[in-house]
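These notes are about the structure you will find just below.
Per-chain residue numbering starts at 1, and chain names A, B, C and D are given in the order in which the chains are listed.
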Amino acid sequence: MYVVRPVELADIAALEALSAVPMPGVHTLPKTREKIRAMVELSIASFAAHVDIPSEEGYLMVLESQDKQIVGTAAMFAAAGSNGTYFSFRNDVIQQVSRDLNISHSVHALTLCSELTGYSQLSSFFVGEREHGTPEAALLSRARLMFAVLAPHRFSERFFVPLAGVTDSEGGSPFWDALGRKFFQMDFLDAERTIGGARNRTLIVELMPHYPVYVPLLPGDAQAAMGQIHPSGELAFNLLTAEGFEADDYIDIFDGGPILQAHKNSLRTFTGALQRRVATSVETPDRGREPQLRYAVSSGSEHDFRVVITHCPALESQLSVALSLDVQDALHIAEGDTVICVRI
Amino acid sequence: MLVVRAIQDTDLDALYVMATQVGSGMTTLKPDMKMMGDRLNIAVASFAETIPPEQRDYMFVMEDTDSGRLAGVCAIKGSVGLTEPFYNYRIGTLVHSSRELDVFTRMDTLYLSNDLTGSTELCSLFLHPDYRTGNNGKLLSKCRFLFIAQFPHLFTEKLIAEMRGYQEESGRSPFYEGLGRHFFKMDFDHVDALTAVGKKSFIAELMPRQPLYVAYLPDDAQEVIGKVHTSTAPARRLLEQEGMYFEGYVDIFDAGPVLQARVSELRAMRDSTLADIGPATDGDSACAPESVVAEPMLVSNTTLKDFRMILSQAMPVNGIVALPEAEQQLLHCRSGDTVRTLTLNPRKNNG
Amino acid sequence: MYVVRPVELADIAALEALSAVPMPGVHTLPKTREKIRAMVELSIASFAAHVDIPSEEGYLMVLESQDKQIVGTAAMFAAAGSNGTYFSFRNDVIQQVSRDLNISHSVHALTLCSELTGYSQLSSFFVGEREHGTPEAALLSRARLMFAVLAPHRFSERFFVPLAGVTDSEGGSPFWDALGRKFFQMDFLDAERTIGGARNRTLIVELMPHYPVYVPLLPGDAQAAMGQIHPSGELAFNLLTAEGFEADDYIDIFDGGPILQAHKNSLRTFTGALQRRVATSVETPDRGREPQLRYAVSSGSEHDFRVVITHCPALESQLSVALSLDVQDALHIAEGDTVICVRI
Amino acid sequence: MLVVRAIQDTDLDALYVMATQVGSGMTTLKPDMKMMGDRLNIAVASFAETIPPEQRDYMFVMEDTDSGRLAGVCAIKGSVGLTEPFYNYRIGTLVHSSRELDVFTRMDTLYLSNDLTGSTELCSLFLHPDYRTGNNGKLLSKCRFLFIAQFPHLFTEKLIAEMRGYQEESGRSPFYEGLGRHFFKMDFDHVDALTAVGKKSFIAELMPRQPLYVAYLPDDAQEVIGKVHTSTAPARRLLEQEGMYFEGYVDIFDAGPVLQARVSELRAMRDSTLADIGPATDGDSACAPESVVAEPMLVSNTTLKDFRMILSQAMPVNGIVALPEAEQQLLHCRSGDTVRTLTLNPRKNNG
């Protein structure tokens, strides 16, 4: 059974191995042992913290396979840009109507904005090749939101996820070349290195355009790159849009990659989460005919949060969920505890 | 002989004939009897001072007195943009700098503006090809500065002239293709024709309102900002001689430059002088600096309603100018009358 | 039993009587018989129309009391600004952070935008004094959204509702005086009369500010009026926010009144709507102990749409809803038909 | 006697003494030995031409040769805004009009700009109160124009001077209270002090970027846009006499005007003349117009490194000026040397 659980200090070596897999963009796992350790320590401190309002907490979860291997990671930050401002380009559509000429059309413009500041941010989603496209990948992605269902005070009411944009084989970004380069006077990778992947730095205000960028004025390849994901992000994109995230409102200021966002009321995990009492499942011939559905089920503890997949009949009209002893063990829970269940 | 004079009611037919000979680039003088008649009425009322200064439109024609034929036309509009908004792009500078990264980027920007609203405008200059020789072009263009110097109280302090922007030989406007087309979605000629007939509110409706970084435009569009059409370059030089400068305003469609001046700083305001028509005496020219001897002079009468101007070889000395009899007649003047004079070409400071 | 149903030609006189009640703002019922007739005819044509994509349809529903009196109205337009652009002010918050000075604050700005163009618009909500605050008022407000649940292709995925802003006793608007007046050079009521309450006219582009209005620069009374509702709109405001509408993103360009908006996935009517087969209710002693809940229940027909309130046990885990014959009559339905039910 | 001259290494102490007497309004001349020494080093290198033109800062002192005391200081900066962005508000016009409603609204707008980046700046003018008599103020201020006329190749075409903006007697700046305070959330003096010590990046970070309609500001803030501080009005008039104009740029904090000119249009460029020092002859003044007789003249030598200028009653006639021996010494000149001359006050065109 695969388990999603908070990262532990003992996972650092495994994470380092994972991070050696080449990944584009900046929204993935840190690359150096020190940075990985810092992230793990932040996560452990964050899970342990008593939080009043979301702030600089960062939560890192791992997907552990049956044989106790770390095969995936997923992170969530309580408040994006909490030590600054989180900048993004907002996709604006300007309606233009001329009475005299009896014509009307829309013009697309990108506006540097800080609207995502304070949203909770999902990031660093990665699963091994073997788990690609499996329910466990979905479990990992969703586990973060289940934690937010359990501990809503730790998060904003709104969430977003930046996904890496398209780059060419040399690591160049057509979107950057048309936009950021003119202000930063450096290559895309140099700029990302310089800024450390951050989107909350003062130098962004200093250098990035103060006025909306009219999209029709950008070269074709830059326009084509807007809102396009790097192929490696396709899995995350599909999982998140299925979850209820919307991709059309914001893009990344550097590479033009999509930023998915949603109010929690629009997310399936929030609207579909059911709190149920745990019962121990036995062979129940009278229920055997009911179709078995797949659920993600999480423990109800903020400080020992774990999620697994289980199968059981529809829970909507029930007060309890029958879990096998295996599952109860995996979640560190027992009969009578409360769990959160979401169809998956 | 050629005289430039205030237009009159009776000039309409001759004006129409001439307008049929204007190329497509001049939008202000279409061969349309109705429009032209309306404009001529305003011009006549302007010289007669029967309409307020800001509504006036002083039109001047160059007449060949030998044939009675009109050789050219030009005009001064009292104020632009007071009934329909008058749009330009203004070129500004924004600096983006970060000490942390040691980056200092100086960016040109285009601001959609109505800043020139209310300015006095020089416009509608046209000289018939048969007369494009010698100093005729200068006489026609510069007559307006002498007029302004004679009647400065009729004008605002800000004087402008819009210059036709750069086009390729094919007629393609790189600036329009790089910017306007994305928002207007129609051909340049079509837009040009719409503005000519006064359909201008679409500019407010369709133009991007937010300041634009020039760096977003294609290179060929960037390069022609403030550049005049090849055929307009000589006209530009004449205006620059009189103290008009490109100060960063350009046409929103073709990025042609707007030349500007403060009326009080015009060469004509500083250097033109009044002189009485009188007999020449040998001694008078003793103190005149050598360099200006025999330079052609613009000479006008000082009458608003019957303003007339010629080019003369007569030099004013100590407030007296000895105009030949024929020239006095062209100006509708006689001995003892006061005329305004200005050298046709600017003199250099010898410092 | 109160019924919400589409307006009919026979209602015109009753509507005229209702419209005589003084109401502020422009988002209420038309005032003249001709305009009322036009609205009624538009509604009848719209309900009868076969719609592919939402366009100029407008739907007007009425609340009919037990004694067949018209005691309330509520309207919905398929696509706001469908013959132009729907303009509003967007509430922007600009984060300002200075590294040198180590200070950070937010500046609030209003940007003229056309983002609500194409949203479906709710308007003209009015109920008589006797029904104020009753479940029937909620029924009327919600009936519109139930129609959208039934016929989603007739509406946008997003909805908004402009509510009248505050005005003084002379009909002046402090928000208008600080903003629109400077451009329109006329009084608030004159401007509203001139523009006929529309928010989609070319002259708005011509006259309204092209650049964001920094709120701190506005006089105190204008700032105080931003997003404030006229007292008469309180009921609608409460019903709509309970429904899931959010009030913070847009305000009206003329009087600064709030514009509530939501994606349909965030609205209770959409997330909580249950399709159920109709059964005829009988005395059922075995269910008598179950608590009775209040539901709005609507007929399942686009062309004969009717809604009433009924009480029954929780429907989540049931396939059918038991309705009395009275209710079935009121809805023009019979046993075996499908209805839409929403907790109310 | 008073001479204005290029500053020298040895002037630091005397300069410091004078700076302690400058009021709080002058931010460019703080009595800080380190800052002042740095600036003096740049000034000396500027006259010596050992640093590039855009980095230069030409400082001039007025020396009382009777006492050896410094009576005043002023400066010309080669180019502003090339290391830290140089911000101004530019006043523009936007017209909002609707034919349908017959409404035509002309609105002033403020655009945050770095348009003046790279301009040559006149700055740091200070005259000791003991010397605020007669033509001393004119001499000190106008020396810079004669310097520019002598060495125009050292400067950009755009010349600017920032004028201190209007404040109430209490020191309250209506413009700052109406605009800046909402964004900076600190006192005017505090902001002023920060900019003086070079902490300017907060302007980019905290100022509203979007164009502002002036009509949104309180009336008292609107009224002072482009108005100078009462104590600065005389300085403004002097600059205007030399051809500098308010062209719509103002300070972002107090809305004080920026005066601007094209270098080539300065009175000093047009009217100053070179003359050789020589003996006066009676006949030479025969042709001089009466009106200018006995007018005081600015006279400078033509040496960059040892630039010196005085006020003289000697008139140049036909390229010769008869400077008294004492004045020649003040200029470090002798008979036969060339000097540059300009009337202290502008002459009016008699046209």
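Here is the rule we use: a residue touches a chain if its C-beta (ideal position, glycine included) is under 8 Å from a C-beta of that chain, and two chains touch if they have at least 3 such contacts.
According to UniProt, the chain labels map to these proteins: A, B, C, D = Arginine N-succinyltransferase.
Nothing here was measured: the structure is a model prediction, and the numbers come from that model.
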Most distant chain from subunit B, judged by the mean position of its C-alpha atoms: A
Where subunit B and subunit C are represented by their mean Cα positions, the distance between them in whole Å: 58
Rounded Å distance, subunit B centre to subunit D centre (Cα mean): 33
Contacts with 2+ other chains: residues of subunit A: 94, 97-99, 202, 205-206, 210-211
In subunit D, residues with contacts to at least two other chains: 94, 97, 201, 204-205, 210-211
Chain contact graph, described as a line, ring, star, complete graph or other shape: complete
In the complex, subunit D residues that touch subunit B: 81-86, 90, 92-95, 97, 99, 104, 106, 111, 113-117, 149, 201, 204, 211, 243, 245, 248, 262, 265, 269-274, 287, 340, 349-351
Contacting residues of subunit A [partner subunit B, same complex]: 94, 96-101, 103, 105, 107, 109, 178, 182-186, 194, 202-203, 206-214, 216-218
Parts of subunit A lying in touch with subunit D, wherever the complex brings them together: 202, 205-206, 210-211
Subunit D - residues contacting subunit A, complex: 201, 204-205, 209-210
Subunit C residues within the subunit A interface of the complex: 84-85, 92-95, 97-99, 104, 113-115, 117, 202, 205, 244, 263, 265-266, 271, 316-317
